[in-house]
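So that you can tell them apart, the chains are marked A, B, C and D in the order they are listed, and the count of residues begins at 1 in each.
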Amino acid sequence: MTDPILTLAGISKSFPGVRALHDVSLELYAGEVTALIGENGAGKSTLVKTMTGIYQPDAGEIRVGGRVIALPTAHSAADAGITAIHQETVLFDELSVAENIYLGHAPVNRFGMIDWKTMRREAQLTLDSMAAGIDASIPLKELGIAKKHLVAVARALSVDAQVVIMDEPTAALSQKEIEELYVLVELLKKDGKAILFISHKFDEIYRIADRYTVFRDGEQVGKGFIKDTPQSEIVRMMVGRSVDQIFPARVADIGGMVLEVSGLSHPTEFDNVSFSVKKGEILGFYGLVGAGRSEVMQAVFGMTKPSRGTIVLEGKSVAPRSPADAVDAGIVYVPEERGKQGVVTGEPIFKNVSLPSLKKTSRNGFLRMAEEFKLARTYTERLDLRASSLSQNVSTLSGGNQQKVVIAKWLATLPKVIILDEPTKGIDIGSKAAVHEFMGELVAQGLSVIMVSSELPEVLGMSDRIVVMREGLVVDTVDNTNLQPETLVRLAAGIIEEQAA
Amino acid sequence: MTDTTATGRRLPDRLNNPLKSTVLSWESLLVLVAIAIFIFNASVSPYFLNAWSLSDMTFNFTEKALIALAMALVIITGEIDLSVASIIALASTLMGLALNVLGFPTPMLVLVGILTGLACGAFNGFLVTGLKLPSIVVTIGTMSLFRGIAFIILGDQSYGGYPRDFAWFGQGYVWWVISFELVLFLIAAVIFYVVLHRTNFGRRIFAIGNNATAAEFSGVRVDRIKFVLFCLTGLMSGVAAVLLTARLGSTRPSIAQGFELDVITMVVLGGVSILGGAGSILGVVLAALIIGLVTFGLGLLNVPGIVMSIFTGALLIVVIALPILWNMWKERRA
Amino acid sequence: MNRLLKSRELWLALAILAVIVLVTMRFPRFSQPNNLLTIFNDTSILMMLALGQMAVILTRSIDLSMASNLALTGMIVAMTNAAFPGVPIPLLIAGCIVVGAALGAFNGILVWKLDIPPIVVTLGTLTIFRGLVFVISGGAWVNAAQMSQEFIQLQRGSFLGLPILSWFAIVVAALVYVLMTRTRWGRAFYAIGVNPTAAVYTGIDVGRTKFLAFVLSGAISGLAGYLWISRYVIASVEVASGYELTIIAACVIGGVSIAGGIGTVGGAILGALFLGVVNNALPVIGVSPFWQMAISGMAILVAVILNARGAIRKGRIILKKAEVAA
Amino acid sequence: QTRIALVVKSLGNGFFDAAAKGAEEAAGELGDVEVIYTGPTAATAEAQIEVVNSLIAQQVDAIAISANDPDALVPVLQRAMERGIKVISWDSGVAPEGRQLHLNPSDVNLIGETIIKLAADYLPEGGDVAILSAASTATNQNAWIEAAKAVQPEKFPNINIVATVYGDDDSVKSTEEARGLIAAYPDLKAIIAPTTVGVVAAAQVVTDQDLIGKINVTGLALPSEFKQFIDNGASQAVALWNPIDLGYSAVYLAEALVDGQEAAPGATFSIGHVGEVTLDDTNSAAMAAPFQFDKSNIEEFSKIY
């Protein structure tokens, strides 16, 4: 057996209040793909950042080719032959594609000046080698999300490295681009590079990985060869229990029509979207990331203005021009980007919860704190929020608990329809179950729930009916009875049509 | 109030004693600073501790402080208004016009001043919220525009001849040494305090400043509130224009030049975060008082105004840097 | 071609041209090469300052203290010249740049190490620096009679038909252009303005980069200090008072985004020139001086509105048919 | 001890520094008089009001002010008088209700005539002249310009005043305005700048643009600041009164009021070595005629003020 190119040993890293990594180790071998597997928040990205000089580990050592090295900056990691496609897009809209690829390590001429010509040429070469079909000289902002991701990949490849790290590189790519990425990974393997591949998608892992390492709660809980290990085993390591019990059994008691959206259109984002939700129903919205589901929901919520279409709520036509209008009408929205759109960071829990309900808690426009605390307590405790007090700043809460604050905020408004956009994205398995259970309770109480999710098991496990979107259009609406996962994937990816064509 | 949840836990309202956080607050720092300056002034100048002196002192800052109250709200939402001084110039000019050309009586003059301010504020508000332009740039533009209009109207002329009862707004006393300006400021401060800290409106202002997107997603009408606040700042500038015009008894287009930076200094010194989301009216009132004390105290020593500004500039940086340095020092020790 | 049509610089250049043509129609003398060169020369200092301000604004900061920095360095150099007329001028200029850069570094340190918002820091130093002018001069002015002839005449000399002052602007512009487009340092200004979090991933130290931007704007302010004083041959406390906003206005008109990350050397220069041409044209076409302020206010507003229109994000386009149309 | 505050338009201005010198001289002669020389840094009325406020608080005995605005300072000066402080204005006056007396450096009409005569003397053929003033709000400048325009048709018929612009006593603004004038009026023969800041700026522009001999700069100038422009020919002659005497006289007048002398039309005050002045109907007094400086005497006076 060959020696690993890169070895991590005893790495620990803590953030205020969070132990992100605890005494983890990892080996990467030349010409092999190692998959790093773990639930959200398991510490995968944190490890990537310690390997690329962005975070400094609290303890532990990093060895490259047997030599212990320090990585004080992002540059030093590149110099040590480590490069990464980060989970967050390290991209700059206003700069050109070529510069996005070379920012920080641009080629210079003998006067130390950036050599734009070489840079553009090399960038184009890299892009062409990936068959990306991107012109290196255009500004990045002219590209769509998938192409942007390819630029991020090209950026990583522009560094001459022995170790290539890919943190969820396929999350934003369509099937075709994913296939191209696989080809690329094969090429890199042949080149003798060591690859660390992070993904939540098992089909992918089984297809390209040679080895795996599993993290749970910042600790390493297992490793081995992919071909020797069945998927169920890895899942058990990852979650600590078996997966099928995650979704609560539920007896659907579906009533009359509550929300009916028809022909909703937007000049650039979506067209002719129609769907309806009944009382006590969970309507799933499935699609690949970037299918336009969030845009549709935000139009229903009054954030963006649709160009056409009608929204009928309980028989009355509504046209919310702002979220405030939508909330007044009884439609609420739990957004996808929790930190940016969901919670008012910097404010305490109770203020977050009472914000949309101030009319109820106040008297003649004057605040009544006692009422606010009461309201906040009622709903946060129902959701089993974990916090030290109601005055705790929401930014100090974990992702799952922040999500609970957002949901509590909306429940307090006594809505008719609640839209949950990726409600369990980035939240831990326990909270996830709590959210799912709670969704069950919501519909049991007669609310209507719209759940946007990119997670197939979640969509299949929770929805009564499923709307599938692709490229801004509704492809199909299907009943969730004996539905095969493959059906949904095909619909979402448009594979059926492609085969037909 | 001992009800518990199914899990048997109960979330307390707050953990720390509210009294303790009051003691350690920014406002108490400002109170200490104010007291220190007061004592310093009293010890270096025999003329300081005199009711009339102290009363005169308030004239140096009340007009700016009135605007600072509204500006604080604008800055808490993360915006800024640099055009306030120019609004004063335009409002004052239109009042002069109303008096000299149209012969308006005093109540109408006051109305003209306030409405002009309101209109200017609405114009700013429209550009910022309607056209989605950055407020700092918009108000740099309107700063030239508003004062420019005053120059177009007045040129090298001036308006004077304001009636006696009008002059009372800027020169009159309500009781003994208590001037009308001071009383108006104190009333306004109480109103702003209540609005910002005790009403839904104020709560929403903070939410916008902390995270405008999330606030919007929570059903706060962000643009409408920002618009109202720009109008309010314009309105307070109009009020300040009435007071200043009445105090000076005349109008020139160059009136109130440079006020905007003094106003913003008051707001920032008062602990309002320039990035939005934090601040208190009490802090702003204290900061106005501190600036008044510093400038008046130094004035009694005949220190030129420009040298005073070194003190206010340094005060601004030091008072903001101190807590940061303190935290850094504590962290290093830990 | 399409990209060229979309460029803000082109439109701004056309606007300037339009003003020149309009004025020339009534006053043919306005567009005589001589007069145009004079306008360029008059605008030189503003151009340099706008370039320094641009560097700061690119990093999502703002420098309100530039005019005060200019006044302080200007006073220092004027007093030095008055006291020691023998000190060679190039040495004085170098001294100005160093002093200016040091004042800028003071701003930069507070922004970098203490993380105080730039607008607060420079609002403070705006008054502090200007106050110091009074302190070191005792309030007295330094006038032409006290300055040495070389001190006054240097920028008035000419080289290849252009006044030396114009050459200063050209050289500074060229240096800043090279810095902004050809060095990592300059690209870092853009990167942290566009996306500060991502910049960290590329190995950029955000705080240090902001610090450097302030040092640059300070150094330029210092240089401008000498040029200003020797141009208007008077050093006083009120020198360039309120000019900070004119500098920012030039940047804004030139398409520099106050939110950071967007702006070009050409844009900033054109922005300054636009103000220069308008200010120069107004008296010539006989517009009452009292209209000037309102007109430049309107110019700023129109420029911001146009820039904002141009900058409206196409955003990403999901629909295939919309993508084709775009 | 009598404390007399000498409040000027702005600190740092050479003209006022010279006046302060005269004031100290008067204080020395009078004995037991303290002069507080103060003023704002920027020449604005609001800043001057703050200065006056702090003087009132200090209970000075008299305030002698050169005002940035004739009207805006009235209320605060009235308050000073209510508190028993004697108030006089000098150089740039305050409206009569805001002061007890006003000391004009010279007769308004005389100054007006002088500044236009300075231009006309060197323009035998006549021609276009323009005026570059201080702030558009400056009382004294406005009065002089008005006076100059009043005498022009009769006494200097071939002089044509084409424009009046304002440099705000700011060297940059003044420079820009001077350039603007030169660009706008190709036939300009002279620039009259009745302000010590503006006149220097205009002369510098004329020097810079190689217009010496084509455009004559004239007006009111401090010899020490202006000497080089007489020397290089940008200007043929300028005029000014003696600022030292002005400050000197202001202190004498203030002291007289503190001593109990009444300011009323017709009253006569004696002013040390300057002589004496008599108040007119508006309680104003004027000092000597402006003094003219040209190549023959500038050297000598540039050493004095």
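Some observations on this one:
Basically, a residue touches a chain if its C-beta (ideal position, glycine included) is under 8 Å from a C-beta of that chain, and two chains touch if they have at least 3 such contacts.
Since the model is a prediction, treat every value here as computed from it, not as a measurement.
For chain B, the chain with the farthest CA centroid is A. Separation between the centroids of chain A and chain C, computed from CA atoms only, is 43 Å.
Put simply, the C-alpha centre of chain B and that of chain C have 30 angstrom between them.
One finds 37 Å separating the Cα centroids of chain B and chain D. Our note on geometry: chain A versus chain D, Cα centroid distance of 74 Å, whole angstroms. None of the residues of chain A touches two or more other chains.
Multi-chain contact residues of chain D, defined as those touching 2 or more other chains: 11, 41-42, 136, 166. For chain C, the set of residues touching two or more other chains reads 134, 139, 237, 290.
Taken pair by pair, the chains that touch are A-B, A-C, B-C, B-D, C-D. Across the interface of their complex, chain D is touched by residues 27, 29-30, 35, 38, 42, 134, 137, 139-141, 143-145, 156, 231-234, 236-241, 279-280, 282-284, 286, 289-290 of chain C.
Partner chain A is touched in their complex by these residues of chain C: 178, 181-184, 187, 190-191, 194-195, 197-204, 261-262, 313-323, 326. In the complex of the two chains, the chain B residues touching chain C come out as 82, 127, 131-134, 136-138, 140-149, 151-152, 154-156, 253, 258, 261, 264-265, 268, 273-275, 304, 306-310, 312-314, 316-317, 320-321, 324-325. In the complex of the two chains, the chain A residues touching chain C come out as 52-54, 73-75, 78, 86, 88-95, 99, 103-104, 106, 112-114, 116, 141-142, 144-145, 266-271, 290-292, 295, 471-473. Chain C makes touch with chain B in their complex at residues 62, 110, 114-117, 119-121, 123-128, 130-135, 139, 237, 242, 245, 248-249, 252, 258-259, 288, 290-298, 300-301, 304-305, 308.
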